[in-house]
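Shared between the two complexes below is chain A, which pairs with chain B and chain C, respectively.
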Partner chain A sequence: MIAVELAKMFRRPRTWVTIALLNALPVLVAALLALTDLAPRPGEGPPFLSAVLTNGTLYPLAALAIVLPLFLPIAVALIAGDAVAGEAQAGTLRYLLVRPAGRTRLLVAKLISVVAFVLVTVLVVAAVGYLVGQVFFDVQPISGARATGGTALSGTSLTPAQITGRTVLAIGYVTASMLGVAAFALFFSTLTDSPLAAMLGALAVLIASSLLFTLDAASSIAPYLPTRYWLAFVDFFRDPILWRDVVRGLGLQAVYVAVLLGAAWANFTTKDVTS
Partner chain B sequence: MTAAVIATQGLVKRFGHLRAVDGIDLDVRAGDVYGFLGANGSGKTTTVRMLLGLVLPTSGEISLLGERMPKAARKVLPRVGALIESPAAYGHLSGRANLTLLDAAGPGGSRRTRRARVGEVLEQVGLAGVGRRPVKAYSLGMRQRLGLAGALLRRPELLVLDDPTNGLDPQGIHEVRDLLLELHRGGTTVFLSSHLLAEVEQLCSRVGVLDRGRLVLQDDLATLTAPTGATVVETPDPLRVRAALDGRVLSLDATRAVVRGADPAEVNAALVAAGVPVTGLALQRPTLEEVVLAAAGGSADRVDGTEGRARR
Partner chain C sequence: MAARGQRSGAARRWLVVALGVAVLLALPALIGALPASDAGTSATDLRDRALASADVPFSGYAQAAGGLALPVGDQLTPVADLLSDRTTMRAWYRAADDWRVDVVSATGETGVHRDAGGTWTWEYEEHVASRAAALPLALPTAPDLLPSALGRRLLSEAADEELSRFGADRVAGRDALGLRITPADDAASVSRVDVWVDADSGIPLRVQISGGETGGSEPAVDTSFLSLDLTTPAASVTAFTPPPGADVRRDEQQADLLATGRRADAVRLPDSLAGLDGRTLDGTPGAVGVYGRGVTLLAVSVLPGRAASALRDTLLVAPGAVVDDVGVRIAAGPLGLMLVDGGERRGSWLLAGTVDLDALAAAAAQLPPRRGDR
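Presenting the complex of A and B:
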């Protein structure tokens, strides 16, 4: 069942078009930066972007930071929102269920394929970012093992090994953040027969969350907003690593994922499939 | 021989105030070709979906192949093939890939025999030569055939078909009918939901008629269309029939008279003796259409002002 869902997703051209489009923006940004040499000043623009002109090894992180606020959530919401509602709209849901695929099994398989999509997407963005960083920007020589591999945001130096390790941690953290989006979209996907409605519902939640986050009057609920700790992956590049927000972010996502998947399961296993 | 394949007791489905299915007791036996008739909106599809565990009943019980549904779905449904409303497939994949994925998505289909079974059912429904073309390039008739192939994939004991000839041309309908009869001869029980009376009349051995959520009729087709005990006389001069067989004439029109009497030979002899010209004689049988119209009310699509539908 899981293999079937994975095959369905990765054999679908749309999946790869989504991933390709997602990578277009970081590549464009890199090209513009390399051509004009006009990096944003430190502290402005997306994180890491100011540093990449001097060190291309940070570009995977800059690429993630570029797509994280909007593009990545859209892609995840698109795929996760389509998971159940798309099958319902196409009419294939009823054939899967009388096959019988089992509603819980189907939902779990969908969830796993969505997680796989998130992981693949984040990895591809990082990989493309790495290539772009190597091509467009100066790369600090890695051969000088004791030479500075890069500069942490707090000013101290990181070795290339440290950068690699922390990049992996950051990729993991971004993936976890996206699971919250996926859970929202998957839950909405069990509520409606329209994949578009499910995706827009999830995006509406994220936009509302981002908006409330900027509002002082909403500061009392700010710690519970799903997007609150998304950019905490930047903290992996402080020296020492600032764990506080990262841990809170993971905890918050875990709660959202658990509650929403529980709701999705409860709804999907008891609903009349009339599509 | 007469083991119940589908049996429901007091099956009810309520959507809000609307009782879409209102206490039906289906009885489909092994070896039947069961025609499930009803106007659009009479609750056919909801019933079919309840049988297959897609819609959960408000109350009542369903037993499918001797097992309780929807509880035993995982055990029973692999033995059932279904075509529900319209066929559906993933447009970007070929028919073969669709069937392979569908077979892999649930229990009861051995991986080892999958390739062979897929090839076999494609052959059966006449899609063997379609190759790698994606389903989105299929015509409606081809999609219908593919849907049927999916239903046949695991050699089901019971086929539940909702309008299987929808979208097929006359040759296609004929082929599907032959295929169903062939499967039936092989021991498959067929449950055919349709609003096409002619289709049911040609195929089915038993008939159930649904009207506004109620099963108003359920019997053998042969019983329903049994001779009425009257004889239809065709004659250029019906008035003389009345003169010759006074008191036995049930109705008259311009070229026909219906006469009480289950023996056409006797009726003929009496008419010939009286010198009435007779051009045709037949036992009167009600058509399925007449039976259904007598049993069911108006079209369920009609929503009249007062008490138009069985609402509330």
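Presenting the complex of A and C:
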């Protein structure tokens, strides 16, 4: 059933159109930066963007930072919100459930295909970012006597191997950060027959969370907001790595995924399926 | 029949989910409610232990929150930000002259590396590394707000009768014993300083300063470790070498301070001001005087005419400013600031410290006239 769901998702043109659109913005930003040579002042704009003019190796991270606040969650909410509600709307859900596999397994299969989508999306954004970085910007030599790698936020020099390793960690962390969004959308998807409502519900949660995070009055609940630790992937580029927020971010996402999946399971396995 | 079975199944499932959520929600509160054990250490012993902790190495993560809106112009923006914002710090401490404090923000950081000869300050956003010699008197920077540094500094000059104990708490997951300083000086604007001292190592883990307008429940400055590790950090962590391509500079703060001092060398400052005794700090320029003790301090210095007029314009429009013949004075929490006008060419006196507005006025009246006044 998992293989069926995965194949179904990746055969859909919509999946690939979403991923392609997601890559459009970082490519456009890179092209504009390369043409005008105007990088944002350090400390302004998305993280790492100010550094890419001198070191294109960092562009995968800048690309992720560009899509992380809005575009990536929208794409994830779109796919996850469609998972169950989409089948219901198309009238195919009851045929799916006729199979003897059971509703819990269907839910797990849907979740795994959403996770696969998140992973593929993040990897494609990073890969396109890497290519764009190599094409548009100066790149520090990766090997040889003059290999410098780059500078960590803390002012220490990182070897190219360190940069690569930390980029991989950051990609993994961004993927994990998206799981909370996916869980929200999947849960809403079991509540409603409208994929649009499920997606907008998940986005409403995210926008509320981002807004509350900026509010000093909400600082007591800030550690529990799903978007609280999203930017912690920057911490991989401090020296020594600051694990505190990364660990908290992973734990928080795990809690959201567990609770929302539990709710989705409790709701979906006993739901009257009418369409 | 089937419908009822399905309903009870749904209820059971929702019950499982609800129980799980309840456990998860209760966990932080339960951990926070872990009781702290209070050793029967006396206040003076606890102070001595805190002061002796200067050679205990550690690494930690701390947050400082200041509630002081300092009405100063562009020149002192970093200081004003420090006292009004939330500052997140990572610290590695090997010895009094071998440590590093990074102020981390969402997208960058500023690191201060101390070695035997002075400090390196690395600003990632500007890509600048600046070297400064160790100064006996300098403007406050983020490392001064670290609970260990601030706590030891405030406790170092507290008299025995100003100290008292209050309970114990858990700070950074450790048992911390409460130690309170209630300043005895009449001029004091700080009503109390609460220091939580680690029962194990003596390192101050949390410091709260209360007083002034904000006095009451909200502390004016609240700084606390969120995690602390007593293993010695590696020497390579605190060391600093400017990275290739960085803009390397010398910090001019000391030169500025000394230049101001030389210009006003002729002025002799009184031995005491507003009932506070003067103190000598080695290497302090002649025209900067520091008075008081412990948490009640008053600094007096000559401000060149140009800087003074800019500051005066800012102070005059600040809410709560008191303007009279002597000058303009203002209080931000327990911090008092006063500018005694000397005119465009002669420069002005700047008084700043943790004293109340009456003490500032009294001190201003005791200052010698500036050269041009005679």
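The rule is short, and it goes like this: the second predicted complex is superposed on the first by the 270 of 275 C-alpha atoms of A that agree within 3 Å, B and C clash if a C-alpha of one lies under 4 Å from a C-alpha of the other, contacts with A are read in each partner's own complex, and residues count from 1 in each chain.
To be clear about the criterion, a contact is a pair of C-beta atoms (placed from the backbone, for glycine too) under 8 Å apart; a residue touches a chain by one contact, two chains touch by 3 or more.
Fair warning: this is a prediction, and the values are worked out from it, not measured in the lab.
By the document's definition of touching, of the two partners only chain B reaches A:Tyr95; chain C does not. Once the two complexes are overlaid on the shared chain, A:Ser177 sits clear of chain B and of chain C alike.
Looking at the shared chain after the overlay, A:Val4 reaches chain B, while chain C stays out of its contact range.
In the superposition on chain A, A:Leu231 makes contact with chain C only, while chain B stays out of contact range. In the overlay built on the shared chain, the residue A:Pro240 is in contact with chain C alone; chain B does not reach it.
In the superposed pair of complexes, A:Gly262 makes contact with chain C only, with no contact to chain B.
Contact with chain C, but none with chain B, is seen for A:Pro47 once the two complexes are overlaid on the shared chain.
When both complexes are overlaid on chain A, the residue A:Thr270 reaches chain B and chain C alike.
When the two complexes are laid over each other on chain A, chain A has residues 270 in contact with both chain B and chain C. For chain B in complex with chain A, the touching residues are 46, 49, 52-56, 73-74, 77-78, 80, 82, 84-93, 101-102, 104-107, 150. Residue ranges on chain A touching chain C, taken from their complex, read 41-43, 46-47, 54, 148, 151, 153-157, 231, 234-235, 238, 240, 242, 244, 255, 258-259, 262-263, 265-266, 269-270. Chain A contributes residues 1, 3-4, 7-8, 11-13, 90-92, 94-102, 270, 272-274 to its touches with chain B in the complex.
Contact residues on chain C toward chain A in their complex (touch as defined above): 6-7, 9-10, 13-14, 16-17, 20-21, 24, 61, 90, 102, 104-109, 111, 122, 124-127, 129, 227, 237, 240, 242-246.
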